[in-house]
Amino acid sequence: MPLTILYFAWVRERIGQAEESVTPPTDVVSVADLIGWLAGRSAGHAEALAEPERLRAAVDQNFVALDAVITGAREIAIFPPVTGG
Amino acid sequence: MIRILVSSDPIDLAGEMARMEGDDVGAVASFCGLVRADDGVDRLELEHYPGATEAALDRIARAASERWSLQAATIIHRVGPMHPGERIVLVLAAAPHRHDALDACAYLIDRLKTDAPFWKRETRGGEARWVEARHGDAVAAARWTDPTP
Amino acid sequence: MIRILVSSDPIDLAGEMARMEGDDVGAVASFCGLVRADDGVDRLELEHYPGATEAALDRIARAASERWSLQAATIIHRVGPMHPGERIVLVLAAAPHRHDALDACAYLIDRLKTDAPFWKRETRGGEARWVEARHGDAVAAARWTDPTP
Amino acid sequence: MPLTILYFAWVRERIGQAEESVTPPTDVVSVADLIGWLAGRSAGHAEALAEPERLRAAVDQNFVALDAVITGAREIAIFPPVTGG
């Protein structure tokens, strides 16, 4: 099943798109795995996703740690630490 | 009563305040955050995660309502481009007693800073940069560690 | 900038808020106290000590300005007769950073409760009674014990 | 030199006036002495001032304890604990 990936802030800018639909291989189990796999998609992806420790993620709109499992997820967002308010 | 609004329209402070008042409300505390020009910022842009943002703000307001005796909690956040002096965020808490309103108000803004998906981009003299998260915000949010998960 | 106002006119919340805002202000915290009807009060009268009241409020606002980095502190208190839902008191603190504004706002109202010469008389169904001072107010004020005398 | 005495809230109501000018004898040295002396002026004064522990005072608009000395004062206010805000 294809997975919707959303990017925000500088992650979005570096990748050059806000959203894409992907079908990762079955060995992509966690958010961290997904980030590593997405990094291979383009030079922009590689640059945006080079330092996972600077990234945060949400699985189906819930904030999660990067070791969270993504099995069954439909929408995954990847972004820098939030700076609202 | 919880009210959440994420919008690119200017924040109507007087109107939002008036919504909080009622015959049984004894105290309304508010916090308003504004775009500051003092470090040379001439434009600020707020990006958010539609849907997830509103859900996060609703969770924060509900947590405040469970923790303190509130009659109303409101969180309004502006998104899109704005300029110095303009309001970015407004949180309001209404309660029969003042410390419930004051503490809940501080909680709402501290939690919003770390738990809601917004990102700020500042422009100074044509040069844009994404604002870095502040460690102090995590510290401020941590002092409210919820009694329940 | 300190602003003190003791008046029998209704409190202009939106106007007072607008006065606090400026290009270098990052945060405005406010507290508004209202007449509550829920315990049967249909009229509240506020008496004060002219001259001494304004001086006391000015001291409170100055103490807050020395303790936190504020750009403005405002204390408005209504006197005379008023009714449920009407605003009794409004305190505002403006600062570059949010915790200064939030803490100063809580300080202003806590101190006002114990240090400013106002007296409330409630009327319920034609029967008037002077409100008793609350021990909790002294406790709340004491947590702000000034670092300087 | 005559001294202006101000009363507020229920103290004012029981005494029946908001202000009076008095010249206390020289053995009235503290606020507490003054309260005791004022209590002798009328039945209303006696009732209002019967329990000094329920009273607070200001000397020349400064809040003071009841043992404060009043020498040289021009205006003394006597009132219940404050209840503003």
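Here the chain labels run A, B, C and D in written order, and each chain numbers its own residues starting at 1.
Just so it is clear, a residue touches a chain if its C-beta (ideal position, glycine included) is under 8 Å from a C-beta of that chain, and two chains touch if they have at least 3 such contacts.
Every value quoted in this text rests on a predicted model; they were computed, and no experiment measured them.
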From the C-alpha centre of chain B to that of chain D, how far is it in Å?
-> 49
Cα-centroid distance, chain B relative to chain C, in whole angstrom | 23
CA centroids of chain C and chain D: separation to the nearest Å works out as 26
Residues of chain D touching at least two other chains = 85
Note the residues in chain B that touch 2 or more other chains, in rising order.
-> 33, 98, 109
Graph class of chain-chain contacts, one of line, ring, star, complete, other | line
Among all the chains shown, which pairs meet the touch rule set out at the top?
-> A-B, B-C, C-D
Residue ranges of chain A touching chain B (in the complex, touch as defined) | 6, 8-10, 12, 58, 61, 63, 77, 79-85
List of chain B residues in touch with chain A within their complex | 33, 46-49, 51-52, 55-56, 77, 88-89, 109, 112-121, 130-134, 137
Of chain B, residues touching chain C in the complex = 13-14, 17, 21-34, 36-38, 84-85, 87, 96, 98-99, 101-102, 105-106, 109, 140
